[in-house]
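Multiple structures are listed underneath, in structure tokens.
Two complexes come next, and they have one chain in common, subunit A, joined by subunit B in the first and subunit C in the second.
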Partner chain A sequence: MRRKYMRSKAKREQSTPDIGSSIKETTIEKNLNKTVQIFQSLYSFPKNKDVTIRHFHIPALQKDAALLHISTITSAETIDTDILKPLMTINEAAQQIDDLITVPSTSKENKVKTICKKINEGSAAIFIDGEEEAILINVAKFEGRSVEQPQNENVVKGPKEAFNELAQTNISLVRKKIKSESLVAESFTISKRSKNELYVLYISDLVDDKLLANVKKRVQSLNTDSIQNLGILEQYIEERRYSIFPSTLYTERPDRAASFLEDGYIVLVMDNDPACLVLPATFWSFFHSSEDHYLRFMYGNFIRLLRLIALFISVFISAIYVAITNFHSEMIPGDLLLAIIATRDKVPFPGLVEVLLMELSFELIREAGLRVPTPIGPTIGIVGALILGQAAVQANIVSPIVVIAVALSGLSSFAIGDLSMNFAIRLMKFLFIFAAGLVGIFGITALFTVGFFYLVSIKSFGVPYFSPLAPSYQSSGDTIFRRTLQNELFRPGYVKPKDITKR
Partner chain B sequence: MGQHENRVGTKELVAIIFIMMGVKVGDDTPPILYDVLKNAAWMGPIIIALLTAVILFVLFKVASAYKQKGLIDIVFHLFGKYLGWIILFVLWLGISAATIIDSSIYSDIIVTMYFPKTPTIIIYLLLMAACTYGAKKGFGQIGSVSWAVFPYITASLIIALVISLRNGTTAFFFPFFGPGEMEVIKESIIKTSILSDYLFLFVFIPFMKDLKSFKKASWIGLILITLILIGGIMSFLLIFDYRSVQMLDYPFHEVIRYIQLGFLTNVETLFFPFWLISSLVRFTVYLYISAVIMGRLFKINNFEYAIPALATVFVFIGYIPESPDYLIFHLRENLLNILTPIFIFLPFILWAVAKLKGDLRREKTN
Partner chain C sequence: MKRLTRVIVFLLCIVLLAGCWDQKQVEKHAYVFAIGLDKGEENDPIEVTYIIVNPDYGSQQQGGGANEPAFETITFPANDIISAKDTANVIVAKEITYDIARLVSVSEDFAKEPDFIRWMYDLTKDPEIRRDLQLLVTKEKTSDFLKNNKPVLETRPHEYYKQALERGKETSMIPFSDLLTFFRITETGEDLYLSMYGTLEKTPTTNESTDNFKAGELKASGISGQAQFAGSAVFMQGKMIGTLTAEETRLAYLLNNTLNPQGMVMTFQDPKHEKYKVAGRVSLDSPAKVKLSIRDNKSPKINVHIPLNIKIFTNHSMVNYTKDYSKKEILKKSIEKELEQKMNTLVEKTKQEYKAQPFGWSLTARKKFSTIPEFNSYNWLKKYPDAEVSISVNVRLGQFGRQSEVPKMKELRK
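Moving on, here comes the complex of A and B:
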């Protein structure tokens, strides 16, 4: 079966029509007209409206030339003032073109394929009659947003700039925080047709070479036509595709990326994604937020404690309600039991159905609230949350205590800022509700233990998910709580940094 | 043998030791001691621990002569292929019987105390299914989970015992020596096998970082176990007095129902999950030990794959006794009595044979 699939895949690859693939392998010729013709056919000129070819004469060299660029991704101003103007106006004799134009860097290429690649990335190519090489000048100017505030990972104290969809800007934001020559931004082309560029950022004298090699090997071995952004890339490079737990951290905050880099992690940046991927990720990296360290020791740990409580509430409270009403009514104090029974009196459904009904509506409100157009969003939220909940209770469909439990668990789940972990928690919640419906507290505890065994056994890029807690590694002990900055002496040992001491 | 890079260190082993033996305070171990030692039952753990310390000392002597070799290899080395096989087979029967009987008791605890309407077999199956999953993950993972839950289990146990001690009556201590000094010592020695799990821990030496951390963990673990057993047995005694506590099958669960925390009248909800997690981890370890020894005895290289089958067999054997209240406890007591001589004498025999073979001296000159 597998062999059959491979064979058909090989056949498909053979039959893929690659326009001008034979021309692409050639080098350019001395004859300017021939060269221009090659590129005209490659770029479907003049059908292709934003491809511009400008013929002109260079008086300084006494030669004809042509300039090719894609106008929508290049800066017209630079081309005009720094390239065309000097070339066409300077009359004194010069040996080479570098002496005439006034841009920071140029390069020479003779392979059609490479020239195409550069032009697609925003370079201008100058072909000169009688020359076997084209001159390539980087004049890229892609349109994009400016640097804005983070949308999902908000902080009260700390930097408020977020990544945007331009890799250049994103790398610049990181470099602003790490002014070091060891910060490397290596680039790889990771897709075959769309030629998407991926930047691998790391600090060369900290990162573990084995980890880096592993990451590089994985991003280079992707055999696909297009990878538009990090969300797609994440799914290509992760290890457990069916797991509910994420194994890469997706963050839109450059300060977070920088602090991970400084600990010896690897950061992936791409065009078209207003965030970066941090590898490897542990459970704690999803649990933490950057503000934990910006706030003073006590305040930071206070919000960590709150987040831990929120985590437990959002995972367990509905399940515990189901367990108690179905199995362990003797376990809760008498008055509370009476209160619950009194409200459940008129509800026609069993506890499990009641909770599932309410959880499902909450998830629906949440998902729909996310998709509604912004102007009517708040209205829908109020209708969904307030009126629906109120009416459901009055109609005796659910008991008010269930509304409290579900609302609390829904709200608490927002305390975990990371989107992937948020999903993981919501899915886990349903698993626990079913376990509680089956065998009460025993089901919850057994599932918890099994889940814990799973969590400690999984790895992200060779790093155990629950490290440094279990298995223990040398580190600053930044798990549930953090230490004072002066006592955070070590980089996390599980990423095997070349230099373990921080202070 | 599973996760090689993920070896177990001191912390993790202390946690495993505590969960394997310290948590016995929550099952029917205290009643077994109350039965014979009356109100001097709390002295039992001290005598047992002292004897265990001697046994451990001898075992370490033997183990350090064979660096990084586990109990299985040592037994095969010292007794040869056939006699070694028989000894290990007996040990395997011992640990398997302990797993079956204890898991049967634990599912009975869960059903009688918390799920009176649920069929035992369902609880039992789920219990062993969870343990099977954990055991299949390997020893490194068991160590990690144990270490992660260890602080919470210890804290919940200590809180429960401290609150119950507050409700106790100190007069129940007397007469101090219960049935008499000699009786206390004799009966305690017979029940030494309460800590016989230590013998099986020596199977895990190859899974450890080094022998030093194994030794360290064993001593720390022994102290912790002794303290918690003494504390537990004392507090049950002070609450119920020895006559009524003799009647109770599961004093820990009676105690957490009995005690109150201010306005919270039903605190067992707070303690039950922790006790349950510790039980699950405990049987995971038992199941794993049993599987490791079985793997060597019957030459199953990937013994992890045999764990589900083994667990299924355990469940069906454990489910045979119809009335656990009566039969199982007698089985457990008898098992403890049978295991004691093995636990006490095997280390000395190992040591003697190693000495005769000259392996111990070689270690010294090295």
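Moving on, here comes the complex of A and C:
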């Protein structure tokens, strides 16, 4: 079925060539009018309202010329003062246009296709009568946000600026942190129709060439019309699409991106995404937060410990409750057991259903709370806390201990800041609840063992998911806990940096 | 797709074949806290008593449950404690489980039966029964004991028994007696096993020593329906053969080189004043050192050294023990002598009366033989009554209370 569809798609691609593709392959001509006509037809000129063509005379060259740009993505001020004004007012004879206009850089192109691409990226093109080349001047001015505070990865101590939707700003933020000539921002066009630009950032004397080649190969071999942002790109380049564990790290913090770059990782930046992708990603990169290193040794490790506990609580506590109330009542202290029985006595559902009901409600509150329009947001909180917490217990639908367990697991899941890992944990939680409901603690341990086998076996861009813990690699041992900065001597060995020592 | 189907079918098979056969909802069970065993009447082998706890008691849950009692007690004849679970359902609504059972209580009468041990081994059969269950011997019928013991303050039975027995063990008034030790000692057949002893019957007696009483013998008033736990029931090869008083139990603790009791408060004769006694907190510096020598298959020579640390709390004779070194030495010697004498009496009692000892010395004796058959052919049990036991107590006096000095009587009443 799928194969058939693919074959027919391939046929379609062959039979219907791109509109205007024959014109695009040509070069421009000396005749100004003809050239302008070509571009008018390409840009559907009078219909397309923000495409502007300005005809004028250059006295210094004694020639007619036309300027084409898309007004919504270019700076009118620059075009006016730095291009049109000098060209139209300077009367002294000059040989070149470059001598007249006052912008930092210009370039010359003769291929229609390339000229189109540049115009679409925010350049202004000047066509001059009798010239076989167009002069392209970058006057791009895309609308976007300014640099704001991070929305998802908050810290108390440390930088508080986040990436925004402009790749230029994002790269600038990274360069602000790594002032080095070896920081490379290579760009690739990764989609066919929308021509989305991807910037691959790496430190050339650190990054492993094989890894870099692998990443480049993957982003260049994408065969699709449009990749709007990193969330989409992530799904195109990852190895295991059905895995519940993420294999790329999505972070909105330039300081995190910079620290990963300095360790020999690769960072992907795109327009239209207020974050970056860090490759390769290990389990630890999702577990850590940038604040772990900004805080002093003891404090940083304390929050690491908290997070580890939170991780286990959020995955296991509901499952353990189900296991105990169904299979292992002898495992817990008598008093606790009696307390559980007392609360379960009037609940009509079995433990598994009770927990699932509450977990589902919590997920609903969470999802609805995200999507709800801001003005009625607080209402959701009241509905969630009061109706589900208090009333459900009073109505004997669920027992208060389940509310405690679910609330605790929900709360703990927030300690893992990364969205993807957060989802992974929430999904795992349900798997564990089912396993516990079927065969108790045995099910939990069996699933944990199998899950752990899987975790250790998977790789992200050739890097084992649990490295440097298993398999062991030379590294600064930044896994569950971190060392003092003075003892963090090595870059992570699993990304195979060209220079392993940090000093 | 095909692979996924295969995996799902495989997982389904696991679930369907394995099933949830061990699954049980907690609230669908009646939880027995204590199992009581009595000799049955006429044709019934035993009489079983259950204390079933009421989880609703004392909980804050809305909608009833507040006026229910903390527990219910039922007694009925049965063949064994395992079939008794089903028999109980004639009276009790929910399925009986021993999951939180912590106490096995047997009556003295039943424990003295030669066949008693046959029913005890039922306890090893049910997986729900844990080996750390406490074994309690009651003077009267256990069913009466469990039914009528209604403590006023700790109304929840599991809380009451747990605390009472824990505390009894801390003060060493009752021995540490769990099922595991019972079976271990019974199966070696060489030592005496001490079990906790309790009763509701009051038979006050006066003794020369303050601690020399058993359960029921303490003259206490003002408490209604509350049991006394003191002293121990002595078991030999799975059959009860006698009792020890609270004081003897304490001494047995001290003599045992496998135990390390801390913090029992004992009273000793004041050497300076016949009328008064001093109270002191006794703790072991290290467990008793037992040296045992066996020559030519004769009875063993046993040397027991007990290093004690005693903090004296009372000083009714108002003698200045704190400052006066010689008086302190006299007190020390007097305590050592008193303890040695009492211990020797106890050892003599075990030799004469029981012909075995509860001090775990057979374990030390085993080390003297290279193989178990050698030890068996030595026949420890036969040799023990003729053993030469010498006990030396070494007392180190600690501080004399928070305020160590007391005024002189002469100065006080000028």
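In the analysis below, the second predicted complex is superposed on the first by the 494 of 503 C-alpha atoms of A that agree within 3 Å, B and C clash if a C-alpha of one lies under 4 Å from a C-alpha of the other, contacts with A are read in each partner's own complex, and residues count from 1 in each chain.
Keep this in mind: a residue touches a chain if its C-beta (ideal position, glycine included) is under 8 Å from a C-beta of that chain, and two chains touch if they have at least 3 such contacts.
Values in this document were obtained by computation on a predicted structure and should not be read as measured data.
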Touching partner for A:L469 - first (subunit B), second (subunit C), both, neither: first
Contacts of A:I441 with subunit B and subunit C, given as first, second, both or neither: first
Partner chain in contact with A:T449 - subunit B first, subunit C second, else both or neither: first
First, second, both or neither for A:E330, with subunit B first and subunit C second: both
Which superposed partner A:S457 touches (first subunit B, second subunit C, both, neither): first
Contacts of A:G351 with subunit B and subunit C, given as first, second, both or neither: second
Subunit B versus subunit C as contact partner of A:Q37, first or second or both or neither: neither
Touched partner set for A:T343, first subunit B, second subunit C, both or neither: second
Contact residues common to both interfaces of subunit A (with subunit B and with subunit C): 327, 330, 334, 439-440
Contact footprint of subunit A on subunit B as seen in their complex: 6, 9, 11-12, 110, 114-115, 118, 122-123, 126-127, 129-130, 133-134, 137-138, 140-145, 147-149, 263-266, 268-269, 272-273, 276-277, 280-281, 284
Complex interface listing, subunit C residues touching subunit A: 15, 18, 20, 22-27, 29, 31, 33, 53, 55-56, 59, 61-63, 65, 97, 99-100, 102, 128, 130, 158-159, 162
Partner subunit C, residues of subunit A touching it in the complex: 324-327, 329-330, 334-335, 337-347, 350-351, 394, 396, 438-440
Residue ranges of subunit A in contact with subunit B within the complex: 327-328, 330-334, 439-450, 452-454, 456-457, 464, 466, 469-472
